[in-house]
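A short worksheet on the structure shown next.
We call the chains A, B, C and D, going by the order they appear; numbering starts again at 1 in every chain.
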């Protein structure tokens, strides 16, 4: 293939699915996974563009995104565990104290 | 239809189906497994895009570490069964709206992509992207971000430890 | 060098910090010692600077200490943070720290046992530092900072015994009246900046000299506005009303702030700005006449007062009038000379009066003597034998004030009247009458306090004060007696010294006629007072001999009704306007606006509040909506172009 | 299509070798432990008990396949496969002898990373088996497995980083060639003893072999995550364990024992190749014996000791080792380039 457009299209599709997942699931862990899916689709686009321009910088960004994702998962899951301890639930709709 | 395209379509289908599975599965464990499948297909796509290093990192970081952590937490909390009926928060309109907006976003992206489809050819210069080349980039132009990332990871570790510590 | 030059300010600051933060745990003796030593150290440095400047050739005596700190940089306004060490400021520094140091020592005895002993010395040190900022400033703005700081100290110290409502009110009055003057001062500063684009003394004066215009409207306006500030601070007509009330503060405060130093700030400021005033003869005439009138009015009121400190307060008003008149006549050296002499003898008189009051209170409250006002001269009498030291120093101070040769006041006053005779006969006449009044009230006071028989039990049992109080009195008495020789007519040591800072000085020869006339007037007035009051008060309740003047007496006694005038016109009008604003404008306009805004915000946010439902997913949905709209906008704009 | 055919043939051969190896490793273990414990071990099936693996296999195949009623069926069936696949595909990058054709993937420059990635995925088999069985022993075993493997993976990766630093090459063949200066001192076990020790320890932990076999500690958890498994599915787990043993031994031999190198491998023609394969086989065999030997010698760790040992001892030591190695290399100490 001499174009990366299919990869970018797939990336957009996966991103949209991730968005829908974030907005429709109520389990905090699943929302989290959907966010990972979105990050991953962005990574795919990065790699695709890196391939298209014949440069490594896109791949570097993926590397950093992965590091950030790992950090995010560590803290995020710690938060979920902490919340679960007090609320006995991972449903984000149960966490609506901060409202007007 | 070239062999590459054939492989791509197959992988893309698997990835999309896995993503849909993630959205619809009733069990968090299945969702996690679908996500792992999706990550794996993306790893193979990286291989196709001349990024073998990232492909392997993708497997070992996402599949080998992050998703294991997810599974671990799911099993630890016993939270694999997802809530069945919609809670009484009265957000029934929310799901269709979310799907509709998501479709709109996809349409926008698709519009851009299709109007420009294949307009820019892949660069003819093939860059080397082995561990050595990545390392030279990391410790060269990207040294500062790299070090900042290490601080970020440290902070995340400390944060996670503090958050989950039993008082 | 820079540090040394500003260390006179730093010493009292250090003292006040130590006393403010650690004073709670220190003994009174230690607190007083620290405060006094800091001021004396300041005095020592000032003396060093003075001597060093004296050793330099005349042209180099103007030492500008620029600390290199750009204090204010705003647009065109650039004010450096710098100090000016020149003959004028070192002279002032010596007066401030010297008299201040003596008064600190005196206060250790005077304030003994006061509940707020520590606070008193913190304030005193703050005052010394502020006053030094005022006199050392090298720009109008920094001078204004010192000006306001001493005003603050004055307020704090007048109302020092604030638990008595009258004292607190006196402090407030002083503050408010001073504000009126300060408005003039700050407007003057603004006008200076608008005109000359700079606020440093050297910059402004250089430009004024370059203009070489006489009576240009701008400079007249500037000088008049600055004079308004001086009128407030130096208690001239019509703003002198706060100074007599300021006697509510502790007596050392009256001596230091309301006689020797702060109230002379106006005179100092005009002397410092003499270049401006010399360029505006019209203003000078106004200044001279206001000063002479103040001298007359203050002296006349002092004739009728019974309160020992009130007499001295009105006397101060009067003497300040002399100084202002001198400044208005262009006799700046005479003005500063009288300022210094006045600092000595008036501080002496106040401190001695404090000693008298202290002695009057000596009987204590045990014998039911509480009911007797220890400051009312009618309750005194015959203290000559009870308090010999106080009596002697009081007489010295009184003779100096009355202008009897060879005491200090004679020389300084003589120089002023000589200048008046040369420039303005009207002023000369007014000052001559004022001088007679001076001698009269001084004599009256001496007779009432020290001669005759003791009229109350308190006076009967009065005792001499402790050495810590009398020693400063003696030191001051020596100065009050002899300091006049600093600037003998025809020699003019002080004048020659000050000449570089006040724009030239030629010592006047002694005019035997004027000097003799004023000496005769003073002696005659003192004799008259002796005759009138020798037998006037047999008992405390007797009527004053002056009461036979009837309406005139009441007029003087009530201080020319100026306070009453303010009360009935200014205050009433102000109340009426305030009440209109409070009842109509505030409720209807301001509150309506504020409440209306609040109601609007509350209702709007009440509607918007529904969006914040606490559900993460709906927030996410809104974000997605925003993203879709933004992307759509970009697509649309890309399609358009 | 020729490369695909070649790959297929090689893969089939590899799988057959692995399966045979697996079968006879079980026998080796039983016999060797028997000797160590002063008994004979299985000796009935065939001469010297050589057919014992065949008998075991037949038995397991024909056994009734039982599925717990409350199990999550799909994952219950998937888990054994997920356990075996990583164990098998590790072999793709291991060079079995001289010449890049003797490893499946050839001489690729991300070989080490590939190994780490595949090993990190190996945990899914046990975790999912534990969860899907819907049995508390199995669940605990699965949780222990995931925690243990995640913890020890880090130290293992760092020990290999030291090796990669030395060889400045991330391809396994490159590492072997680096250790071939002509004498036995070229082996990295002599220049990286700390890394070798850490790798050996973490390899045992990754294998969940004694003394790190808490995942299936009989006294505590019955059989851990395989409690509910029987028949052929059990055999698959069994197989994954032993195939992994072979793979780990091969990796240790490659990283620290000079891989296929040895006297005479540089001979041209078939002789050198045959010698190199032989040397490699011998080294792997010695490693296997050592693993079994450790099992017969050491008692089991306590679980909290296991975790604190991994995080507080091995990981810091491995980090320090990487740093010291880097310093030695930069300062040009002889033997460290």
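The working rule: a contact is a pair of C-beta atoms (placed from the backbone, for glycine too) under 8 Å apart; a residue touches a chain by one contact, two chains touch by 3 or more.
The shown structure was predicted, so the numbers you read here are calculated from the model rather than taken from an experiment.
> By CA centroids, point me to the most central chain in this structure.
A
> With respect to inter-chain C-beta contacts, which pair, B-D or A-B, contains the greater number?
When A-B is set beside B-D, the one with more contacts is A-B.
> Quick one: report the Å distance separating chain B from chain D, using the average Cα coordinate of each chain.
29
> Could you tell me the distance, in whole angstrom, between the mean C-alpha positions of chain A and chain B?
6
> Taking each chain's centre as the mean position of its Cα atoms, how many Å separate chain A from chain D?
Inter-chain centre distance comes to 33 Å.
> Cα centroid separation between chain B and chain C, in whole Å?
Here the centre of chain C sits 78 Å away from the centre of chain B.
> Identify all positions of chain A at which a residue touches two or more other chains, and write them in rising order.
Correct list: 19, 23-24, 26, 93, 96.
> Can you list the residues of chain D that touch 2 or more other chains?
In chain D, no residue touches two or more other chains.
> By residue number and range, which residues of chain B touch two or more other chains?
53, 57, 65, 69, 76, 89, 91, 94, 98, 101-102, 105
> Report the topology of the inter-chain touch graph, choosing from line, ring, star, complete and other.
Topology of touching chains reads as other, fitting no named class.
> Please give all chain pairs that are in touch with each other.
Per the contact definition above, the touching pairs are A-B, A-C, B-C, B-D.
> Enumerate the contact residues on chain B facing chain C in the complex.
89, 91, 94, 97-98, 101-102, 104-105, 108, 111-112
> Which chain A residues qualify as touching chain B in the complex?
1-10, 12-21, 23-27, 29-30, 32-34, 36-37, 40, 43-44, 47-48, 50-57, 59-60, 62-64, 66-75, 77-82, 84, 90-91, 93-94, 96
> In the complex, go through chain C and note every residue touching chain A.
605, 608-617, 620-621, 624
> Over in the complex, which chain A residues touch chain C? Could you list them?
Its residues touching chain C are 19, 22-24, 26, 31, 92-93, 95-100.
> Quick one: in the complex, what on chain D touches chain B?
72, 75, 108-110, 113-114, 116-118, 120-121, 123-124, 127-128, 131, 139, 142-143, 146-147, 149-150, 153, 170
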